[in-house]
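Each of the next two complexes has chain A plus one other chain: chain B in the first, chain C in the second.
Right, the complex of A and B next:
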C-alpha cells in the first residue's frame, strides 16, 4: 500500500471520529465536511498568503502547520459555537437536514468569497513534509491523540452524560445534566477535530477547493460511521480507514468499482446493523486474545 | 402513621400556586395548589387522566405551566428547566420507566451522580491521583445506593435487560444519586404484586429515614397510600378536590364519588383486591 493512500485513510478515520462525537450523545450532525473545508481554507490561505506561515514557498515550517491546525480548528469551533445553540434544538433527521444546509452555505461561501479562489480554489500550498511518509507519521500521531481522547471520554463525567443523553435526553435532564450544554460541547469538539483535519489535509493535497466540503462528503463520512459502528470509537476509525481505501483498492476492476463500493455500503448495515465494531465483538476478540495468551503461558509448563 | 409536621417549618419546601396547564382544548390542570412540608410523605391520587403526571411534569420542570407557579423554599422556580430543578434538589421517577438502557446498572447510578462528579478537566484526562480517588468514591457511593435498593448483584448488567421490578428500583436509585431533598415517585408500585407492594412501602419508609427526604408520590393503589402517606391530595379532571390526612380523605364524599365511582363501597375489581391487601 502506498503512503499517499494510507494518509487518506488516516484522514478519513479522523473525519469519522468527528461524525462520531455528536452521535455519541445522539446528535446526527452531517456538518463535518463543512468544518473540514473551513479548516482547509484557513491553512491554504495562511500558508499561501501570509509570509510568516509560508516558509520558503515550496516547503513550510512545521510550527506553521501546527499554528494553522490550531487556527483552523478554532475557527471551525467558533462557527459551531455560534450556530450550535439554535441548531441543536432540532432532533434526529431535522438536525441532519439543518447541518446539510450549513455545509451547503459554507460551500457556496467558499465558492464566492473574494479571497477563496472561486471554483478553482487555492493552489500550491507549501509542504511541511518532504514526502507522504512524513504526513503519515504526523497524522498517525494526531489520530492516536484523538482516539486516546475518545477512550478517556468513556470514564469521564462528560462521556457518561453524553451516553445518557443518547439513551434518553429527557431523563438525562431530570438527573441534572445540562443537556443543551453537553450537546454543544460534543458539536464543537466535532467541529474542532474536522477543522484540524482539514488544515492538515490542505497541505497534503497541495490544493484546496470548495469540493472538500460538499453534500457528497457528508454522506461519505456518515457511511464511515454507519459501516464501522457508532457506539464505540474503534468503529468509526475502522469505517474511515476501510471505506477510504476501498474505492482505490477496487481500481483494477475499472468502472465496476463504484458499484462494488456502493454494494459494500449497502450490505454493511444490512448484515451488521450495529456496524462492524460492537461491544460484543470486542469482548469476543478480547476473550480470544486472552485464551491465546493463556495457551502461550501454559505451553512452557507442559513438558 | 406519622403525624404531619404541619407548621413546624415556616417556609414550605415546595409550594404549588394555582398551577394550570392547558394542552390545546384540554385543561389538564385547573388552578391546583399544594404545599409540601419538609419531611412528609405526600400522596397524590385520582382517577386516570386526572392530571397527576402533568402536575409532576410541572413540578420537575418538564412542562412549563400555562398559569400559576411553583416555589422552592419560597423562591419561584419559573424557567429553571428539568436540570436546574434537579440541581435545586428535586428528583423524579417516571411512570413508564426511563432508564439509560444501553448503560449498565452501575453506570445509570453514576450518571445520577453527575454533579458529585465535577472534576478539573486536565486532571480527569490524565487520570491524576485526585481524579482516581474521586472516581473511587463515586463508585463506592453508587454501590452503596445499589445495595440499599438490593441491586448490587446486578451492577454490571445492562439496564435494558433488567426485569420490571428491578428497573423500578434502579430508577429510584438513580434519582437518589442526585442527592435530592424532594423525591417524586410516579406510580412506583404499578405492575407489582401485593407482596412486592409491601416491600416497596417498606423501602420508601427506609429511604425517607435514611436520606431525610420529602416524598411526593402518585399511586393508584389506595390502601398502600393510606398506610404510607402523611397527607393526601385528590385530583379529578385537573382540579384538586380534596386535601388532608388519609382518614379525612377516605371519608370525603367528593373523593368517594370521583374515585370509587359514586357507590362508596369499593366497587370494581381493583378496589376489592386492594381492600383485602390493605386491611
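Right, the complex of A and C next:
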C-alpha cells in the first residue's frame, strides 16, 4: 500500500481515539477537528517562523517536531481546560452542537487572525522525515502509545469512573465519583491527543489551513467512531483506518466515489448499530485465534 | 449604509435561517435528533426551482444541457420545488431514520445515517448537474420591480419577499399546529410518542408528516435563496445548515416561534457586523450560541430541559 495513504489512515485512527475518549464517559464532543487545527497551526507557525524550530533548508530536526507536538497538545489542552468547565455541563445533543460551534469559531479565527495566513494558510512546512515511510514509523509508534494508554485506562480507577459515568451519570455521582472532574479530564485528554496529531499532520501535509478543522471533519471523525464501535478502543482505531482509506480506495469508480462513501456511512449504523468492534466479536476472534494456535500445535503430532 | 437598509438585509437573511431552523425543529420535536441531511434538501429545493422556471443545466454533469420542456412562473415553481423537496425529505426519513427506530437503536446514530444521506444527495447533485453555480434570474418574478423605495431606503423586492414568505409560513404552521387534528397529533407525539400511540395517534404517520413539512420549508427557503443570491454549487446548503443549527439552539430546541425569533436575531446581528470585521461575521451566530448554551441551555423560547432520574 501507498505509504502516504497509510500515514493518513494512521492520523485518522489517532483522531478517532480523540473522539472516543470523551465518548468513553458518555460525552458526545465533536471538538476534535478544532483542536487538531490548533495543534497544526502551532507546528506550522513555529517551524516556519522560529529559527530554533526551523532547522536548515527544507528539513527540520526531530527534537523540534517533538517540542512542537508537545506545545500544540498543550495549547489545545489549555483551550479545552478553559472552556471545558461550562461546556461539559451540557448533555447529549446540546454538547454536540456547542462543540460544533467551538470548531466553527476556531475556524473563523484561523481564517482571520493576522498571523495564520488567511484562506491560503501556511506553506512550506519543513520535513523532519525524508519520506512518507519515516512518518509512518513515527506515527505507528504514537498510535501504539495512544492505544496502550487507552488499554491501561480500562484497569485504572479513572477509566472505571469514566465507564460508570457513561452508563449512568447520576448513579456515578451518587457513589462518590467526581463527575465534572472526570469528564473534564477526558475532554482535555481528547484535546491534547488531537493537538499532538495536528502538529504531526501539519508537517506531513507540508501546508496547513483553516479547512483542517471544519464541520465536515467533525462529523467524519464521529463517523470513524460510530462505524468502528464506541465501546472499546480498537473500534475507533479500525473505523479511522477504514473510513480514511475508503474514499481513496474507491477512486477507480470515479464520480460515484463520494456517493458510495455516503452509502457506507448511511448503511454502517443500520447494520452494525454497535459498530464493527464489539466485546462479543473480539472474544469470538480470540477464540478463533486460540483454536488456530492449538491446531498448529497439534499438527506435528499427527504424521 | 443606513440603518433601515441594514435592518432589511438582516431580517431577510434571518428569515432564511428561521425557515431552516423550523425544519430542524419539527423533526427534533418528534424524534429528538437532528437531521443532518436537511441542508442537502434545502439545496435540492433551490435546484428544483431553477429547473422548474425553465433553467438549463450547464455543460458538466450527466444531465448536461437538460431543460424541462415547460417553464413555470416563479410563483408556480416555488411551491412545486417545495413539494419535491418534501418528497426527498420523506425518502431520507425512510432510509436513514425509520430503520433505526424500528430496531430501537441509539437515536444518536441518526446523526450519522442522516449525514450519510446528505453526502449521497449532495454528490448526486454534483454528478447530475455539475459543480458550477446557477443564478435564478430576477426576471423570474414577472412584472415586479427589482427594488422599491421604503422610508428613504431602497429595498430589494426579493428581500421583502423572503421576509414576507417566512412570516406567512410561520403563521400558517402555528395555526395548523394549534388548530388542526394532525397538528395536535404532531404535538402529542412530540410530547410523548408512546402515550400518543396509545391514544390512537399514528406516530409513524406524524413523523412522516414532520419530515414532509420540514422538507417543504427547506425547499421553499432554498428556492428563495437561489433567487436572492444564487445557487453557489451543490455544497451551498451546508453553510446555511450550520447557521440553522446555531439558530435552532438559540431559539430553543423544538420551539417553533423560537426558531424564527432565533433566525431573525442571528440575521440582524450579522448584518450589524462592521465591514472591517466581516471576516468574523460567521463567528457571530456561534458566539451567540455559546453564550445562550452557557447562560440558558434551553434556548430563548425553549421549555426547561427534562432531567432524568
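Rule of thumb we're sticking to: the second predicted complex is superposed on the first by the 300 of 303 C-alpha atoms of A that agree within 3 Å, B and C clash if a C-alpha of one lies under 4 Å from a C-alpha of the other, contacts with A are read in each partner's own complex, and residues count from 1 in each chain.
Criterion: a residue touches a chain if its C-beta (ideal position, glycine included) is under 8 Å from a C-beta of that chain, and two chains touch if they have at least 3 such contacts.
Nothing here was measured: the structure is a model prediction, and the numbers come from that model.
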When chain B and chain C are modelled together on chain A, clash or fit: fit
Touched partner set for A:152, first chain B, second chain C, both or neither: first
Which superposed partner A:94 touches (first chain B, second chain C, both, neither): second
Partner chain in contact with A:256 - chain B first, chain C second, else both or neither: second
Which superposed partner A:170 touches (first chain B, second chain C, both, neither): both
First (chain B), second (chain C), both or neither touched by A:130: neither
Which of chain B and chain C A:161 touches, first, second, both or neither: first
Chain B versus chain C, judged by how many residues of chain A each one touches: C
Partner chain(s) touched by A:178 [first = chain B, second = chain C, both, neither]: first
Minimal inter-chain CA distance - chain C and chain B, angstrom: 9
Shared contact residues on chain A - chain B and chain C: 170
Chain A to chain B touching residues, read off their complex: 149, 152, 155-157, 160-161, 163-164, 166-168, 170-179, 231
For the chain A and chain C complex, residues of the former touching the latter: 28, 86-87, 89-94, 96-98, 100-102, 104-105, 108-109, 111-112, 170, 215-216, 219, 222-223, 226-227, 255-256, 258-259, 261-270, 273
Chain A-facing residues of chain B, complex: 60-62, 81-83, 86-87, 91-92, 94, 98-103, 107, 110-112, 114-115, 117-119, 124-125, 127, 135, 174-175, 177-178
Interfacial residue positions of chain C with respect to chain A in the complex: 32-34, 36, 95-96, 99-100, 103, 105-106, 108-109, 111-113, 115-120, 123-124, 126-127, 238, 242, 245-246, 248-249, 253, 279-280, 282-283, 286-287, 289-290, 293-294, 297, 305, 308-309
